[in-house]
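Next up, some structures in structure tokens.
Each of the next two complexes has subunit A plus one more chain, namely subunit B in the first and subunit C in the second.
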Partner chain A sequence: MSDNITFTIDGVEVKARHGETIIEAADRAGIYIPRLCYMKDLIPHGSCRVCTVMVNGRPQAACTQPVVQGIVVENNTPAMQKHRRNLIDMLFVEGNHFCMFCEKSGNCELQAMAYRFGIPAPKYPYMFPDKDIDASHPDIFIDRNRCILCGRCVSASRDVDGKTAFEFAGRGPHKKIAVNAEANLGDTNAEASDKAMSVCPVGALMKKRIGFAVPIGSRKYDTKPIGSEIESSTRK
Partner chain B sequence: MDKPKVATTSLAGCFGCHMSILDIDDRILKLIELVDFDKSPVDDIKNFTGQCAIGIIEGGCCNEENVHVLQEFRKHCNILIACGDCATMGGIPAMRNNIPLKECIDEAYKNSPSVYNPKNITPNDKELPLLLNKVYPCQEVVKIDYFLPGCPPSADTIWQALVALLNNKPLDLPYKLIKYD
Partner chain C sequence: MSTEKKLKRIIIEPVTRVEGHGKVSILLDEKNKVRQARLHIVEFRGFERFIQGRPYWEVPVLVQRLCGICPVSHHLAAAKAMDVIVGADKLTPAAEKIRRLMHYGQMFQSHALHFFHLCSPDLLFGFESDPAIRNVIGVAAKFPALAVQGVMMRKYGQEIIKATAGKKIHGTGAIPGGVNKNLSTAERDVFLKDIEKMMDWARGALKIAKDYTVEHLQTLAPFGSFDSNHLSLVRKDGAMDLYHGNLRAIDAQGDKIFDQVDYQKYLDYIAEEVRSWSYMKFPFIKQLGPENGWYRVGPLARLNTCDFIDTPEAEKARKEFTAVTNNKPNNITMAYHWARMIELLHSIEKIKDLLNDKDLQGKDLVVKGKRREEGVGLIEAPRGTLFHHYRVNKNDQIEMANLIVSTTHNNEPMNRAVQKVAEDKLSGQKITEGLLNNVEVAIRAYDPCLSCATHAMGKMPLTIELYDHNGNLLDRKTKS
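Presenting the complex of A and B:
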């Protein structure tokens, strides 16, 4: 299909296809819009709001908003970056993110996002909420202390694995990832080889017995900021 | 002119951040040329001798003595740096924050399988500082000017921060020096 729609992101002209979202068009153009819940090939959930951009002066989630001819998108502006930083700060204080012993550290998208924004410490008071861990499954576990409720595992299990092993339960501060079983994760049909097991941006849904396999210094975000793979790509 | 003074302390920490300060290796000779150490475990000075340019805090506040020391540091230091994850977010000690204090103490002195405590004593000497209900990051107790994350922050991070602040330059850490682990 041809790139027949043109619009601008921060004044740069971007060509897009009909039906594409702003984030898809930006990725192809090598423009990085920070995101946490969005993942290529999954149905966008639009829940984290980190990818919020101004579209003709109104805030929209770039992962769910389709491109339209001639729209003016503001992405890397001080106002948007401040908004994103606030969201990242909130995610850190709303959970129990102990990076120092987390198996995901160095490969964690939330941590990498904080690194990219140069956040030395969140500006809000820590909440230290009471969350639980479900390690009842022989090969996988859920650590809800680290969950940012992005919904990737819900979508991957439902739309890719065809299992619906995970779903959200509760609302507001009580919202959590629940499992589709009478009791625990171990009672579901989820398996370590599921797509759902490879999509968690943080250390919430993890495979057992692979922690700390990659040494410090060689992990995904040790030297390169998140998003640099998109920024360094050339337009296809 | 007198050299500016630096004070350091370890509150609810493991002294790992102080080990990381020592890890600046031979740059410590340069540091001694630049500054004098005041109250610090490095020289074992127990009380402040005067106003300090920089105070480096390792660890959060888990008891009333930590709070007292932190407030003393705020009073005596022009710039206060929270050094390491315990100072900035509570760290490992903060894992007790969603367990009631009594449960923590019972686990440590009564219930844990490795406990040998035939008289069933829980330490309650008047000399012991009282534990706080939870572990607080430093910025929730006093105003903190700069944060150095990491467990511990690398020697390069600490060095770069000290050099920048002693030269009245903005503290601008590069990507590789902001780490939470």
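Presenting the complex of A and C:
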């Protein structure tokens, strides 16, 4: 396929292929659009709205919106950044995210996003919701205190692992990642080697007994901010 | 209680220059004699409930929330308990030595902090002197070189913690079965560069504490003092070991109550008494009962329980220390400061030995064995023996946690010390500055971490309240 579509992101001309989403084209062009639920190779959910950009003046999720010839996309603008900052803030207070003792700390996309946006502490009051842990599986566990309902595990299990181990259940504040079984994670056919186990952006769906095996300083976001891997990639 | 209603009550609340907060109340009888003195510390055991259900590998990091003052001690005690859980009965040399280095770093910085910030004002100016200068700022003004040393020693210890744990607080270095990093030669060389200076300064601090104690022995010996049992870990050969060992308890004459007890079985030897007036429990040695079984922990206890110290300079200092009491246990409360500085020197000697040990660059960092359901981790924290006890269910979640912190062990002794000082120093129905200072000084000898004991952070100003025998407020004094 050839790059036969052109459009602009913050005034920079970007070439895209037919059928690509805005975020895919931006990634290839080395332009970082912040995201939390979107993950390359998974069918996008469009649930977190962190990737929202202005397309010809209207807000759209960059991870689901296909490119169209000549569109004008606003990404790194004060208005968009403010919108994202608010969303990240909300995610922090809606869950129980205690970075200082979370084993995902340093590898967590939500935490890294907060650092990238310079959020030292949320401005909204913490809600301290009552969430549970499902540790019934011998090798994996879900800590719902940290789940941001991105849906990556749902997609990965269904589309990559072919298992449908996870599903969304409930609505509004009661919405949660449930397991596709009568009772607990331990009753599903999920395995530690599943794709679903490596996609969680936060510390919600985790492999057991890894804990703090990686020392501070060697973790993914200890030395470089989230998004830098896209920004530093050469344009193709 | 009806008899207590008739008594006058002086309340000192809380103690300044003690980390955290507490409150002292002194009950008088009709003749204005001290009937009873009590140290009230609100112990919050919510933490034990808070960690229920958490995965066990998270605990060594999670417990650092308990206390902003001694996070490393909690980190290591929990990690040692988790070693038992994962069946790691013997760590690799690299792992054990990295953890020891972390621990001695913590000991060094904690003892240095206590000495220079909390205790040296009393020693350098005398604890009857004007409180306006008897503080760390006064020390900095009159003894600037010493104040700088205090800051630098503390920093040295903290940098060791950072190099081994990853961070100064909420580090992650100790993990179940070992550690997550070793010490590179580059990291090591930074510490070796300053080691001789640290050794020198530790010798200097020890000299101040020793000279002061020896010179003022007449007045210090009875100050807040009493006979007591002493408890600590000791090595198999009886040497002082701040990181690991078996439990030894001795009485005030030095006779052994028990020795070389495997701390996994501590519940067979130690129990905790609940008293209606205190949130903080009172641990005691079971075979002696709550009345006689209470004991002291911390530097003084450790100097008393051990047979020797395995580093030359600290051992020489220990001999000088025990000579003062004719090789019998030292029961002088104010001798805690001297004992603490012997441990300061011991810690830096240990750090030097470790830094020169190639095992610190070892690559074999974690071991595992047969998984267990229950584990106990003990460590000699700067303030005394720290107990962490956990039960883990088959899903790897914490089911039960019991923690006994150093300050809780010293609960009864601190109460006794306050009682003794109040008896000796209180006169009339007024709270004098002198009484206030003396009570403070006696409590401070134990270096209580009220933050640990209460599991809550924060400091508060000092308030004293004096009540008549009907419970009416007579006098009130506040000091910040």
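Keep in mind that, in the parts below, the second predicted complex is superposed on the first by the 236 of 236 C-alpha atoms of A that agree within 3 Å, B and C clash if a C-alpha of one lies under 4 Å from a C-alpha of the other, contacts with A are read in each partner's own complex, and residues count from 1 in each chain.
Simple rule for what comes next: a contact is a pair of C-beta atoms (placed from the backbone, for glycine too) under 8 Å apart; a residue touches a chain by one contact, two chains touch by 3 or more.
Given the structure is predicted, the values throughout are model-derived calculations rather than measurements.
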Larger contact residue set on subunit A - subunit B or subunit C: B
Which superposed partner A:Ala183 touches (first subunit B, second subunit C, both, neither): neither
Touching partner for A:Pro225 - first (subunit B), second (subunit C), both, neither: first
Contacts of A:Phe101 with subunit B and subunit C, given as first, second, both or neither: both
First (subunit B), second (subunit C), both or neither touched by A:Tyr126: first
First (subunit B), second (subunit C), both or neither touched by A:Ile216: both
Subunit B versus subunit C as contact partner of A:Gly118, first or second or both or neither: first
Set intersection of subunit A contacts, subunit C complex versus subunit B complex: 100-101, 216
In the complex with subunit A, residue positions of subunit B that touch it: 82, 85, 88-92, 94-95, 97-98, 134, 137, 139-140, 146-149, 151, 173, 175-176, 178-181
Touch list for subunit A against partner subunit C, complex: 100-101, 103, 132-133, 135-136, 141, 186, 208-218
Contact footprint of subunit A on subunit C as seen in their complex: 53-55, 57-58, 60-62, 64-65, 165-167, 170-173, 175-176, 180-181, 366, 395-397
Residue ranges of subunit A in contact with subunit B within the complex: 92, 96-102, 105-106, 111, 114-116, 118-122, 125-126, 128-131, 216, 222-223, 225
